[in-house]
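The data blocks that follow each hold one structure.
What follows is a pair of complexes built around chain A, which joins chain B in one and chain C in the other.
On to the complex of A and B.
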């Protein structure tokens, strides 16, 4: 039992189950498989972004510029499509991801080469990236009629009964899971966050690892930029404004420690799903959508309090045998 | 056998004089920048040097600067408070609600200040009582406090503030000196004295430099931090009174994004984001610089979002430049 209580992912699954049960009392149709699939699809973009944020937070950094990066990459994708409707969509996605990666690299380079605290860097680039959207678009909107049908249709197209958007997020979960568990870089993320000094002595370049974490979060933000713009069929300066907090919230709820080194892919996904279920349930059970912000605030505070209790160690036992004697 | 080179180390037998240190400080650099911007503005626009225009310009930064003083102390102590803009929104909503119930100006002021204090106390309790990281807690309360105003207001707005209430944001104490500017100057003095001339101020620096050492030297770390979060809450309440009075209405999106501008102001003022160093005169100068830049751009018809690019670049470059400068000097020394 105590082992179960210590497993954050299982605890979170239980919390989501309780949440769903409570909603079912008022509105049974919510847990119909088709509706749950719809909720997952609606949360897909948040899941993809949370994966990138997780890598950054694992290395003891933070990326506040993800939503601005998303908006800028999305705007460029939309403008590209509006100017050259014939351009194949995979190429547009590639451009959005490349731009997102470039923006992530700027964050990473400032953190790596100049040793500027990550929160300051991304606070600065957050406003700069948003401002650049205005300069690029002149404050104008790119509306649905300016986008080609293929551009708008891709995330919605059904593949084996599920939208491409859902498949894409599943693919990203799989890829990031492999990166985290099967590659040296994934191990390095944990090592750098767990103990940066020890990481140096094991031959890991701390700055470079952080740089790659920002590249990953940038690339995923770029991908989400295309997905967001094509899904909602509109691009303007303020899309996804304030969404960076939702992304961090998803990570915190998912048990990813803001002090670095602790967290799993499953946690990030479940944290995002928890927020997604709440967001989709509120209108169903007749609570004003305006309440969503306050609820996610409460959830963040509760989650961080619960996680902090689990993380608090009594002091580490270095020599197990000596302790036993 | 390889020869061993001993590199001589110069240990100065005395530190540089007070004047030399003052001359090389971050604050004097800021002062030069402020003077240059002032000069540039007055050359760029013929309307800039009018006393009433300058007085109007102060409204750009006075409310943010009030919070920045308290935020500077919080950041020097190694913490951060990202919920200040949301406290403004919640305090403003509470005051707007009280107006609908028929309360008058003194009660409104009391409500604004106490909502700020309560929010600050909530932050402080979560951070010092439960030992949670301040950045996550205040991101949470940032959502929570503004979320509460959204629940109360939705897409509506509170208006109809009493006439006497408008004095805080629109009134003048003497000639061109507005109430807000006077308050800004008074608070600058108070915070300067508290930080640089009292035991409490020394404790703030000590905590920021080494929390454990501070604890062992007899400083009540948790209590000092709690007071700091109370102060930011109180200042946010005060700023909320001024801003609400100046705008004459309350929407839940009031002061959106101000937390970033306040942090920028503090960091631009030379406060180390990692804690342990920084001064109030630096923050005052940073407030003046940011206020003059935004006002100057406004006179030149530059849109607000372009100004924000400039602020972002300013934030990154003021931190990057000293680092690059130090590296260049080290390279020259070798």
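On to the complex of A and C.
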């Protein structure tokens, strides 16, 4: 039992199951397979973003600019499509991802080369990126009728019964999982966050690793930018305003330690799904909008409290003194 | 020599004054906007020019700063005072900052009104609101009812639960609900003016109320998100999305059929009415509580205790006119 409680992922799965059961009491149709697929699809963008945030948090940093990056990349993608409707959509996505990566690189470079605290850097770039959208768009909206049909259709197109949006998030989960578990960079993320000093001694460049974490979060934010804009068929300065907090909440609920070094891909995905289930259930179980906010907040506090308990571990002895002869 | 010179100057000045007096038959009305180059205000100017043409002896000066600042508008107003215009109709960038400049204008006998975005009471003779809360509340439910001759379930998608204007409009809507037989307002949900939350709330409505016939969203973010959610759910034709939105933002959704019609003020009418009211004031009408001022083809406006008046019902946009207005704002 205690072993089960220590496994955060299983705990989360159980929590989601309990949540679904509670929702079913008030709205039985919620657990219909088609509806669950819809909930997953709705959460896809949050999942993709949480994967990027996870990499950054693992290295003891934080990226508050993800939602602003998403909005800027999404606006550029939308403007590109509005100006050149003939441009192939994969190219538009590539541009959005490249721009997202560039914006991530700016964060990463500031953290790496200037050694400014990540929370300050990304708080600054958050405002800068939002401001850039305003300068770029002149405060105007890019609306549904200005976007080409292909631009809007891609995330909705069904492939084997599921929308492309869902498949894309599954693909990203797979890729990030491989990156985390099978590459030196993935291991470096954990090492840098777990113990930066020890990481240096093993030959890992802490700053460079953080830089790459920001590149990853930037690229995923760029991809999400296109997905967001085409899903909601509108782009304006304030899209995804405040969403950075949802992304961080998903990571925290998923058991990714803000102190760095602890966390898994499965945790980030489950954390995002947990939030996604709540967000989709609240409208149908008919409770007041004020209670909705309180519930969302409470869930986050409970998750952090549970995680804090689990993280309190004993120091490990890594060097044993030679036994006194 | 000196006397001769001063005599000549006096003669020149009096000649100029006489010329001015002869010219003064054309009344100069300045339409001061928040900033030049904004489609909404260009459209208001179109209406003002229409009013000038109708009145015949009016010259409309369309002006404003290049960016939406109060400082810029104060400069513009000062230069208008120097030009001795007969009236200033302003859509203000700041409620209070313009008051001293406008007071100065009124001291010089210039008639000052504000429209669209108001000036504090001291700085103008009257303020023209595009519409009023009761008119908006009535319009949004009328839009839903007009497309539902047999009645049915209707839901409201608002912005945030604390948004004063939204709550007022919805309360006004509920007051007149009884006039629309068979229209059953089932619930009000809140999308917080976020595209994703509004989209999700709409999906929730579609699930919770299988017989839903219309969604009323009196918010520009909400109406677009709801239309998209209805489109994605394949419910076009079953659920009509309506409410308040901008033509440029809604054109695509009207074309797809997700929204049959929606409403917002008509900037052309607003510019037209502001010019007509200014003309009425120049002609001697007095702006005081209870007074009725003439607005040409728009009828009259009755002033309340704050010397404010509402122009008309929000203007309805549908497949017939949305493309044309989408180019304007």
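Here, the second predicted complex is superposed on the first by the 308 of 325 C-alpha atoms of A that agree within 3 Å, B and C clash if a C-alpha of one lies under 4 Å from a C-alpha of the other, contacts with A are read in each partner's own complex, and residues count from 1 in each chain.
In this text, a contact is a pair of C-beta atoms (placed from the backbone, for glycine too) under 8 Å apart; a residue touches a chain by one contact, two chains touch by 3 or more.
A quick note: this is a predicted structure, and the numbers were derived from the prediction, not measured.
Trainee: I'd like to know which partner A:131 touches here: chain B for first, chain C for second, both or neither.
Mentor: first
Trainee: For A:290, select first, second, both or neither according to whether it touches chain B, chain C, the two together, or no partner.
Mentor: Both chain B and chain C are touched by A:290.
Trainee: Given the touch rule stated above, what does A:144 touch, chain B (first), chain C (second), both, or neither?
Mentor: second
Trainee: Regarding the shared-chain residue A:239, is it in contact with chain B (first), chain C (second), both, or neither?
Mentor: second
Trainee: With the two structures laid over each other on chain A, which partner does A:304 touch: chain B (first), chain C (second), both, or neither?
Mentor: Only chain B; A:304 stays clear of chain C.
Trainee: A:159 in the overlay: touching chain B, chain C, both, or neither? Say first, second, both or neither.
Mentor: Neither partner.
Trainee: Which chain, chain B or chain C, ends up touching more residues of chain A in the combined arrangement?
Mentor: Partner touching more chain A residues in the overlay: B.
Trainee: Touch test for A:110: chain B only (first), chain C only (second), both, or neither?
Mentor: In the superposition, A:110 touches chain B alone.
Trainee: With the two complexes superposed on chain A, say which partner A:21 touches: chain B (first), chain C (second), both, or neither.
Mentor: Touch status of A:21: no partner.
Trainee: Quick check on my understanding: which residues of chain A belong to both its chain B contact set and its chain C contact set?
Mentor: Overlap of chain B and chain C footprints on chain A: residues 288, 290.
Trainee: Inside the complex, what are the residues of chain B that reach chain A?
Mentor: Residues in contact with chain A: 80, 126, 130-133, 135-137, 139-148, 150-151, 154-155, 252, 260, 263-264, 267, 273-274, 303, 305-306, 308-309, 311-313, 315-316, 319-320, 323-324.
Trainee: In the complex, go through chain A and note every residue touching chain C.
Mentor: Within the complex, chain A touches chain C at residues 27, 29, 35, 38, 42, 141, 143-146, 156, 228, 232-234, 239-243, 279-280, 282-284, 286, 288-290.
Trainee: Residues of chain C touching chain A in their complex?
Mentor: 160-161, 187, 189-190, 194-197, 199-201, 203-205, 207-208, 224-225, 227-228, 232, 248-253, 255-256, 326
Trainee: Which stretch or stretches of chain A touch chain B in the complex?
Mentor: Residues in contact with chain B: 62, 110, 114-117, 119-121, 123-128, 130-132, 134-135, 139, 237, 245, 248-249, 252, 258-259, 288, 290-298, 300-301, 304-305, 308, 312.
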